[in-house]
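Worksheet: one structure, shown below.
To keep things simple, chains are lettered A, B, C and D as they appear, and every chain counts its residues starting from 1.
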Amino acid sequence: MFRNALHYAIANIRSNRQVCLASIGSIAVALSFPGLFLFIFVNLNSFLSNWNREVQLMVYLKDDITQQQQVDIEALLQQSPNAEMVTFISREDAWTDFQTLFADKSGLLEELDFNPLPASFRVHFKEGPDRVDTIRGAADSTKGVPGIESIDYGEQWIASFETFLIFLKIFLVALGGILAMGVLLIISNTIKLSVYSRREEIELMLLIGANPRFIKTPFFLEGIFHGTVGAIISIGLLKLLHLYFQFNFEGTFGSMTQGIEFQFIGIFYIAMIIGASMLVGWLGSSLSVNQFLKSYQK
Amino acid sequence: MIQLYNVYKAYQSSHPVLIDISMVIREGAFVFITGPSGAGKSTLLKILFRWEKFDRGQVLVNRMNIGKIPEDRLYLLRRKIGVVFQDYKLLPNKTIFENVAFALEIMGADRKAIRYQTWEALKNVGLTHKKDAYPLQLSGGEQQRTAIARALVNRPKILLADEPTGNLDPDIASEILSLFEAANKAGTTIVLATHSQDLLRQSDHPIVTLNQGRILETQFTG
Amino acid sequence: MIQLYNVYKAYQSSHPVLIDISMVIREGAFVFITGPSGAGKSTLLKILFRWEKFDRGQVLVNRMNIGKIPEDRLYLLRRKIGVVFQDYKLLPNKTIFENVAFALEIMGADRKAIRYQTWEALKNVGLTHKKDAYPLQLSGGEQQRTAIARALVNRPKILLADEPTGNLDPDIASEILSLFEAANKAGTTIVLATHSQDLLRQSDHPIVTLNQGRILETQFTG
Amino acid sequence: MFRNALHYAIANIRSNRQVCLASIGSIAVALSFPGLFLFIFVNLNSFLSNWNREVQLMVYLKDDITQQQQVDIEALLQQSPNAEMVTFISREDAWTDFQTLFADKSGLLEELDFNPLPASFRVHFKEGPDRVDTIRGAADSTKGVPGIESIDYGEQWIASFETFLIFLKIFLVALGGILAMGVLLIISNTIKLSVYSRREEIELMLLIGANPRFIKTPFFLEGIFHGTVGAIISIGLLKLLHLYFQFNFEGTFGSMTQGIEFQFIGIFYIAMIIGASMLVGWLGSSLSVNQFLKSYQK
């Protein structure tokens, strides 16, 4: 029976080409929206994690620190989980860096003929989803160790950034949810219209004694087909957009985007889009056909 | 084969269409139903394949009490019954061949059998030369013959024909009638609703005349 | 009123449907066209309101050379012509009243006039009690009468009726025929295609018999 | 004739309620995408212009500046176009500010017992679209005036920010264009399907001699109606989203979003959405109906 239904579904797609094309077109376009959204999301994420990577822990040392204290501190820092690299910056290095950084503000500090800066350890942490938490933890556990003057990891900046991230995530999830719902609605509406344009056929099948399951199957198959082809087209469009961005914008925005690569949505998301649209195609057609069949039960 | 006991049917409760109709049609019978426009002929036929429900009474078709068949098994009743619809109900975007084959496809018949039987059915109504045309490219009579071919293609036990010759000229009408006679000889029970006096005159089968929802008379001619 | 000179029409070049048909139908005439199924009756009528084109010949309808009317002025021809289609062509989601009124609405008639004339037309075919029903809730004959009402509602100069009584019982058929006769008396030119021997027998108008694309004979009875 | 067509269009909408609802639903949802986009765009813009407002011109003065030079410089700055306020910051004020700012880095600078900072003028500029250019202009024209030590308006930061803005604008315009095209496609497809489901009716009208213009008008009206109602619904949805954001997020993200208000898209954009969707409804139906009418010309 399934082969029969498949055969029949193919025949149907052929003989309703107009409706089929319109339906696939709408689905493809509708799916491009969440696709685009995912694309932006993925890239924004990698963009933000680039920034995030800059966060590091600075441990400033007292000027009167003993050799032993310094060794202890270095050991302690090296033991903190996920610490990747601990660099010692002597007072002299700090001063040189400082002067280089403010070289263009000539005269601002030229009168200083002694070095006001302390020595420090700079700790790099491995990347990871809770990198910031790790850094915070390391900072807390180092606090109060003798020989440490102060600790800095841009608490304020991190706090702002984290609230921003929370905000952004809520926003994106909400947006994604709305998008998804909207797209589902469009797709199921489109399929409803396409089922509606075939009401004669459904009626006839009922009249001449087709098994309701036989009536439904080709519509399901068609819904799934429309969904799948629509999804594939939308991913194709997205890939085109990606290539366009790659060729035109990558690395051309100076320091701001230096080293930034536009990433394509992962295989997981692609599978999700195709899967979801198959599902919607199936559900959409199944609901419409069932509703239709119900309307004939007197 | 078909038994009706006191069947009552009203689309709007104030205007009953069938009032306590009782009738027994034996297996292998050939019965004409006639009566003026709006008498309830089509409604009677629609009840027999449970397209319409009835309000009171009992109907047995092919040993099934059709008032009691659950919705999801109705199709088993319907595929025993071939129907020529008064308005043909051909699918406009399928060819004539596909339209006729459709009645076999939905039963999951074998591909080869479908091709053979469809061809035979079209040959019987004289339409093989139009098999690749679409319904809208056919004359009224050709469409009607397609509908007849579809009703007969799966050799149903019962044939319900609703005004099957309204658009056919007398010659073809009697050809079609002899087609029905042949099917009847082969065992198909036939109920044929018609206005056509010509058709009624040509045959010697019993004629039931409906009027205002009741059986006016039952004529046994021949 | 209607003149055809050597009209030739083939849907597929190998099978001509009309071969060099010539005919003159004067204003106020009432002509029957008959012939077997597929003879080309409907095609002939379709040519008269330019629904189908023809391949060769000349056709004048209401003093217009219809081969030469530009596409965007065709409607002016068509609104002078009432047509009863063989398959009725009623709109399923409009009521009977709306279906008939539709023919007036599209001409931009006045609302009150529409109501009055539609009611009259429905009364003539005996369907006022069904005016709020939808086509699918009507019997075959009632649908056919609706189609007739719609064709006559705007008192066309020409009426083309394609098998207008195929689904009507003899009594109503002759009522409809007298309706046509009345319209004809009031000046409407009528061309009526039919198989019905009953109908042909009942009237004394000329009968043109088509066969295999040619005029077989023209009978003047009465 | 128009009144007639209107009457007829209304009757049609009534008798094809299913198709009409499906069509309006799809249009509303489809239009919500660019609507949402505009919403984001508008808010991002106001967010960014908030940041932008922080840019100001600092003119650092030489320590050995004369009274006359200082007065001249102040006058010059006050004359620069769009300058709103010129504040003088003495060396002492600067030092106090500096110490306050770095109070938490205790010990970092405590050993300094003299003031290394210069006096300066801080110039605020009025808001405006080319505020940054104005500042740049003012900076250039002040350069080299005697008594000025150096000028700072965050060139680097501005440069980054500007490339970022250009990037963002190109991105948003591209995205908006794609969105708009996609939405147009969905809407016109939807309308095409709804016209398609009425092919019988169009055919009948042709058959009984309706003026082609009369056939088209109700479809146009219906297309416009679908477009308008769809647009209004989508704007309503957007407003709901806006209210949701206002009640839930406004001002709750600490310093980052303090003082930020979510703005609703302006009346101009609303008019644009409604106008565009009316236009698309009209065009969509007009194209479909015309195509349909053409198919009957033999």
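One rule holds in what follows: a contact is a pair of C-beta atoms (placed from the backbone, for glycine too) under 8 Å apart; a residue touches a chain by one contact, two chains touch by 3 or more.
Given the structure is predicted, the values throughout are model-derived calculations rather than measurements.
Contact with chain C and chain D alike is made by no chain in this entry.
Averaged C-alpha coordinates give centres for chain A and chain B that are 62 Å from one another. Separating the CA-averaged centres of chain A and chain C is a span of 67 Å. Distance between chain centres (mean CA atoms), chain B to chain C: 29 Å. For chain B, no residue reaches two or more other chains under the stated contact definition. Taken as a contact graph, the chains are arranged in a single closed ring, with each chain touching exactly two others. Screening every pair of chains for touch gives A-B, A-D, B-C, C-D.
Interface residues of chain D, counted against chain A in their complex, comprise 18-19, 22-23, 25-26, 29-30, 32-33, 36, 60, 104-109, 111-112, 114, 116-118, 149-150, 152, 159-160, 163-164, 166-167, 170, 175, 178-179, 182-183, 185-186, 189-190, 192-194, 196-197, 241, 249, 253-257. Looking at the complex, you find that chain D touches chain C at residues 1, 4, 8, 11, 15-16, 200-201, 203-212, 214, 297-298. Those residues of chain B that touch chain A in the shared complex are 49, 51-53, 71-72, 75-81, 83, 85, 89, 91-94, 98, 102-103, 105-108, 150. Touching chain C in their complex are the following residues of chain B: 11, 34-38, 41-43, 86-87, 137, 139-143, 145, 162-163, 166-173, 195, 197-198.
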